[in-house]
Each structure stands twice: as C-alpha cells, then as structure tokens.
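So, here come the structures, one by one.
Across the two complexes that follow, chain A remains constant while its partner is chain B and subsequently chain C.
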Partner chain A sequence: MHMHKYEKIWLIFGGITLIVFLSVIGVSAFAMGHHPPSDMTTIDPEKVKETAPFDDPGLKKIGDNEYEAVMVAQAFMFGEPLEVPKGATVHFKVTSADVVHGFSIPGTNVNMMITPGHINTITHTFDEAGEFLIICNEYCGVGHQAMSGRIEVN
Partner chain B sequence: MAKLDSAKSFEAEKEHAGKTEPKLNGTLLSVMLVGGFIILSWIGVYALYLSR
Partner chain C sequence: METTLINRKDAKLSLAHIYVGFIAVLLGGIAGLLQTFVRSGAITLPAGIGYYQLLTAHGVLLALVFTTYFIIGFLYSGISKTTGTLAEGPRKLGWAGYYVMTTGTVITTIMILTNDASVLYTFYAPLQASPWFYIGLALVVIGSWISGAGMFRQYRNWKKANPGQLSPLFSFMAVMTMLLWLIATLGVAATVVLQLIPWSFGWVDTINVLLSRTLFWYFGHPLVYFWLLPAYICWYVIIPKIIGGKIFSDSLARLSFVLFLLFSIPVGFHHQLLESGVSHTWKFIQVTLTFMVIVPSLMTAFSLFATFELSGRQKGARGLFGWVKKLPWKDARFFAPFMGMLIFIPAGAGGIINASNQLNQVIHNTLWVTGHFHLTVATSVALTFFGIAYWLIPHLTGRTLTKKINLLANIQTIIWVVGMAMMSGAMHTVGLLGAPRRTAYTTYGDYPDALGWIPYEVAMAVGGSFLFIGILVLIYIVVHLSFFAPKGVEAYPIGEVADQAERTPAILENWKLWIGVCVALILFAYTIPIMEIIENAPPGSPGFRLW
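Coming up: the complex of A and B.
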C-alpha cells in the first residue's frame, strides 16, 4: 500500500505519543501506587456507628508525623475539625452513613466519592501550613451547600 | 475513436496521479499543531497532579 511520507510521520508521532502517555500512567499506577480513591473494602451502611474503626471516628497517630483520619460523612457534616502538624501524612478513611457524599479538599489532589457501603481511602501529605476546607461535591440533600469540614495544619 | 481517446487520457491521468504526490504540507502542520496542543495539555494536567 502506498502511503505519503507525511502520513507516515504523523502516524509514528501519534503512536509514540500514545505509548508514552500509557507508559507514564502504567508506571505511576503499578510502580508508584497511584490508584483511584476507593477500594473493595465494604461495610454495612446501617451499622456504621457500631463497626470499627467508625465507632470511634477522629484522628489517630499511627507513625512519625503520620495519621489516620477516620471520618463518617453524613447529612450534612464530616465530623469534628482535624488538627495536624505541618508535613503530616494523613490517611483518610471515610464512609457514609446515609447517601453518596463527596470528599474534596480544594487545592489538593484529595477528591473522592463517599459511597455508602464502601470504605473510601486516600492519602495526602500536608506540606503547607494553613486551614484546609473539606467540601462535599456530590449533591446529597437540602443541606448540601452547608456540608463542610475543616483541617488545621500548623 | 472518441471512446478510445477518452480511455487513453484516463490511463494517462491515472499514471500521472500515481507519480505526483499530493501536497500535504498544510495537513502535516495542522496535525502537528493539534498533537502539540494535546501533549502540552497532558503535561500540564499531569504536572498539576504531581505538584499538589
């Protein structure tokens, strides 16, 4: 089959670009551990308050400047404000006691859906001091616009 | 005779078309511009993801 020289150029260019994009995503997923913020851990959404660790939500120190934040999202709150030192790595473990909520910290990569029946996890390192907002970005009911939480990094 | 002539000129045209390549300079430039835009956007989004 005859093909124009330029046609070969842009087909090779497109092919290489695709390979590079997919390789970067593949390496970051399999070698660097980047993955979507939900796992296959499930929970009975009607028994959230009796099921560990959600029977005792809050911040727990699990290592050197490393914390686990166990949170229950429900209409229309995220729980008590959190306070962590600068540079802290926080593993958020969140579930919903009622409907689907959003869990987003503007200015960071933290952005996940909180689905009832699932335990959603995401990790973030707070390298800058300041006050961070947690907002619900999935419409969850009449009080949705007032649903927010706070993280104090100092 | 006329029929033969037209058939001949068709053959000649076919031959001619096969030998000269169409000019695709503009197409190449357009494809590369779109490709460049896609690559720059991709790098921008990925850099934003890594930096936050």
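Coming up: the complex of A and C.
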C-alpha cells in the first residue's frame, strides 16, 4: 500500500517513540525490578483471621530497621496505627476479609489493589519523619470515604 | 445525493435511539452536578440518596446508556445513507434490539433508584447487587448484539448486490465498530451470565473475584474504543465533507480501523496492573500490546490534518499554516468535533501514562483517572457526538440547523471545553497528589494532605457547574432541532475520497483474516493467564451488600 512520504516519516517517528517507551518500561520493570505489585499467593477469603500471618496482624521487626506490616483490609478499616522509626523499610503484606479494597499512601509510590482471596505485597522505605495516611482508593461500600489508617514515622 | 433525506422508517429507528441517549445525558448530568457538590463538601444529599447511588447512576447513564444508544442510532443512519434504505430484516432487527436494550435499561435504572445496586457501573464482585441489575445489563448487551446483527445483514446484502466492489467507507467502519463490540462484550456477558447472575440469585455461594475482574477488563478497554470508533467515523468520513475537502486515503482509514480491532482487546491487564494473581510477565505483554494502538492513533491524526491542509490549500491558503484560517470555525458541525480532536491529544498522552507499568502506580485509582476519561469519552467522544447531532437530528426530523442554533451550539462547545478544562484539570492535578477517585466528601479526620485536596474539589464543582449549563444548552438545542426548527432538508455529509488516493487493497475487507488475527491475539494474551487464574483460584468469595 502506498503511503505519502510525510506519513512515512511521521509513522517512523511514532514507531521509534513506541520502541523507546516500551524499552523504558521494560528495562525499569525487568532490569531494575520496578514491577507492579503482582503477588501470586492466595488465601481463603472467609478464613483470613484464622490464617497465618493474618491471625496476628501488626508490625514485626524482621531486620535492621526493616519491618513486615501484616494488615487486613475490611469494611471500613485497615487496623491499628503503625509506628516505625525514620529510615525504616516496611514490607506491607495485605489481604481483604470482604470486598475489593485499595491500599495507597499519598505522597509515596505505595499503591496496590487488595482483592479477596489474594495477598498483595509492596515495600517502601520511609526516609522522612511525619504522619502518613493509608487510604482505600477502591469503592468498597457506604463507608468507603472513611476507610483509612495511619503510619507514624519518628 | 446530500440533498435527499434517508428513508423515513430508517430515520425513525435512529431517532428513537438518539432520544434515549440524550435523556440519559440529562439525567446523568444532574447526577454528575450533584456529585461534584457533595465531594467538595458544599451540600449533603437529601432524602436518603447515597453518593455512591448517584455515582452508579452517573456512570451507567452516561458511559453505557448514552454512548450505546447514540452510537447505534448514528451507525444505522449512516448505513441507511451509504448502502441504501434498510431492508425489512435489518430494520426489524434494529427495532428488536432497541426494545431489548430499553427493557434492560429500565430494569437497571429501577434497581439503582431503589438502592439495590450501588455497585458503580463497573460492578466489581464481591459487592453484590440485586440479580435484576445484572439481568438488566445483560439485556442491554444482548439488545446491542441484535442491533449489530441487523447492521451485519444490511452490509452483507449490499456486498451480494455489488459483487467485487469496495463497500462504502462508512458502512465498513460501522461493521468494524459493531464487530469490535461483539467480540469485546463476550467477556462481560460471560462474567454476568455465568458468574454474577447465578451468584446473586444464590444458586452458587461464591464467586471467583479475579476471573470476574479479568473478564470485565477484557471488555472494559475495548469498550472505550467502541465509544471512540464512531467519533473516528465522523472525523474520517463526515468532517472532510463539512470542510469542503476530500478523504485523504480510503485505505489508510480502513487500515487504522483494522488495527484498532486487533489492538484494543488483548490489553485488559493494563487496568489490573496493581493487583495480585496476575504475573508481571503477562502484565508487561499486555502493556506492549496496549501501546500498539499508538500506531493507528498517529495514522488518524496524520490523515485528519492532511485533509485539513489539503482542503485549505485548495481554497488558496498560502504559507505553512495558512490553511488553518480556511477551516470553517463558525460551523458547529465542524467546531464541536474539532475541539474533541484537539482535546484527544492530551487525553491520549494521559492514556499512555496510565498504561505504563510504573507510572500507573502513581495514578491508579486516583482522581487523575477520572480526569483522564472525562477528556476522552466525556470530551473527545461527547463533543463529536454533539457535533453529529447538530446535523443528524434535523436531517432525520426533516428540519434545518438555523444560524441561531448553530451559534448556540458553538457557545455550547466553548462552555463544555472551559468547564472540562477546569474540572478535568483539577482532577488530574489532585490525582497526582493522591486524592482517590469514587470517594464521597472526606477529610480523613482533618488530615492535612486531605484538607489540601479540597480547593481542587471546589474547582471540580465549578467546572461541573459549567458542564451542567452546557448540558442544559445542549438539551435545548436537541429539543429545538427535533420539534421546533424550520422544516427543510439538512444535508447528511458523507465525504468522498481524494482523486490522488490509491485504490484500496481488497485484503482490508477480508473479514475472515482480521477476525482470525484478532482471535489469535486474544488467545495469545489471555489463554495462559486465565488458565492460571482458574487453576490457582483461592476459595471463592460470598456476596457483600455494604451500602
């Protein structure tokens, strides 16, 4: 099929940008490890509170200024506020006891979906002190706008 | 040709669809206006109406009802115009589809009004609505299939009567749009009929949430191309005629539609980037396929601006940009869709951001996304549909678009663009700050960041007010053109292909080939992940009614 010369130039330019975009995303994902949260672990959504580690949610120290935060998202709360020292690396491990929830900490790159039957994980290092808000950013019912948690970084 | 009206019976079928569409715009617009006021804390809703109930109504009425009805009405009219009066069979199928869809719409609306379905228009399980909500939605989809079958039949009749000839461009594009819709809706029909309906009736206790979400998003992304392709039909076929130019290239127009069919379906995971249970490899593969739509999008942009420039130069334009002045800026039939095209540039760029693995992390489920699709569907698509209505309604009712109404339509476009710039601009910005979408008024216990979002939410309400005024102006125009405008003949603008354009290769109309490639791509992108989702499924979820 014949194409106008300018159209060829335009599409070649477009094709190159496409390759650049995909390379940036691909290198960032596969070489630098910036994958979206894609935990493959499953759980019985009706037995969350009897299944480890969600039978004992909360903050656990697992290394030098490194913590695991086990949390259960359910209408309409995330559990007790967390307190970590400045510079702490926190591995969030979250599941849902009812419907789909969101898990986002505004001002950070922490953002993931919490679907019942699945566990999702994300890691963040809190380099600045202050109070951080965890919010549910997926509609989960009449109290959705109130669903939030706190992280105190000292 | 342009001075004759399409068959009266065909006109009636199209009008019936278009009227339902605009009633949905008015009702959905009222819901939208109220939402912006609630979200910014200006009002609280009376009479026990819930914010999320309104939000469900807004999404269903505008994103599903308005678009589907308008599209089917518009496509039927163009098929009648370009392939000749509808045969009995296709017209009957058109009416049958209309009645099935309308029955479904009425049932769904009642369920939302009685607060039995405040699950938003994406109805994510395991929030569980009344089974009748899902049945209503299924009827809307089935009705649209019947309408699509009517269009396919009319197209096949034309091909039989004109063997070896290239079909009219409009009819080819209409068939492509309905084909994309048919293939895409198989996913949502599967989750609604096989999962949600049995589960909401209580015939089964639990549901596979991830499978349901995956089937939904198999449909959810091509859904936006179902909205967009009819707008592209206007840009490719209608606009060249309105500006007094020619279609730049018939073959490139067809090729871009083929590419949209291929690359709009096997890409749903880019809506599920942040959820567990789907491996990041498959997410990346589908992100790659998503980005392929950049190619036909750039082709479309090139063709449109080539048409503008060629027609401007024919009218004597000089210099690099002299042709810009030759465009009919005061013609609402051009101005409204043109503003839609212009806004598609930032809208499309935003889409690339949304589909990128890492950037999605920043904007996912924030108001940024709401801002994004208010640019794409609620501006690019909506303004184009409004621009179509300005000549299509009088053409169908045997009336004319007067100078006065034309001026009012241009004012409507300006109100819309200004209102949307404010509302969508505020949504994009506050979304970057982390403000969640689909959330009623909240300060999270006067948390400072959340308090900082409120001024943006006020800007959204101001923009939303502009848009509501725009809707009132629009409804006035629609009513006027339907019942009060002077009698006469309003042209149905169908562009002709430029003389220097090359002959279109027959391969572009080889449906078996393109459907085959489309199915192969879908099987490639979805077979393994869906098998994994089923094999590794956790115990299912019971339903929840949390509103």
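Criterion: the second predicted complex is superposed on the first by the 142 of 154 C-alpha atoms of A that agree within 3 Å, B and C clash if a C-alpha of one lies under 4 Å from a C-alpha of the other, contacts with A are read in each partner's own complex, and residues count from 1 in each chain.
Here, contacts are C-beta pairs under 8 Å (C-beta built on N, C-alpha and C of every residue); 3 or more make two chains touch, one makes a residue touch a chain.
As the structure is a computational prediction, the values presented were derived from the model and not from experiment.
Looking at the superposition, the partner that touches the larger set of chain A residues, chain B or chain C, turns out to be C. Look at A:I16: by the touch rule set out above, it reaches neither chain B nor chain C. When the two structures are aligned on the shared chain, A:I62 is found in touch with neither chain B nor chain C.
Of the two partner chains, neither chain B nor chain C is touched by A:V27. When the shared chain is aligned, chain B and chain C each come close enough to touch A:E7. Counting contacts by the rule stated earlier, residues 4, 6-7, 10, 14, 17, 21, 107, 109 of chain A appear in both its interface with chain B and its interface with chain C.
Here chain B touches chain A in the complex through residues 21-22, 24-25, 27-28, 31-32, 35, 38-39, 42, 46, 49, 52, going by the rule given at the top.
Against chain C, the residues of chain A that register as touching in their complex are 1-4, 6-7, 10-11, 14-15, 17-18, 21-22, 25-26, 28-30, 34-46, 75, 98-100, 102, 104-107, 109, 111-113, 115-121, 131, 133, 135-146, 148. Of all residues in chain A, only 4-7, 9-10, 13-14, 17, 21, 24, 107-109 touch chain B in the complex they form. On chain C, the positions that touch chain A within their shared complex are 50-52, 55, 118, 120, 124-127, 208-210, 213, 249, 251-252, 255, 272-280, 283-284, 287-288, 291-292, 294-295, 298-299, 302, 306, 352, 356-358, 360-362, 364-366, 433-442, 444-445, 447, 449-450, 502, 505, 536-542, 544, 546-547.
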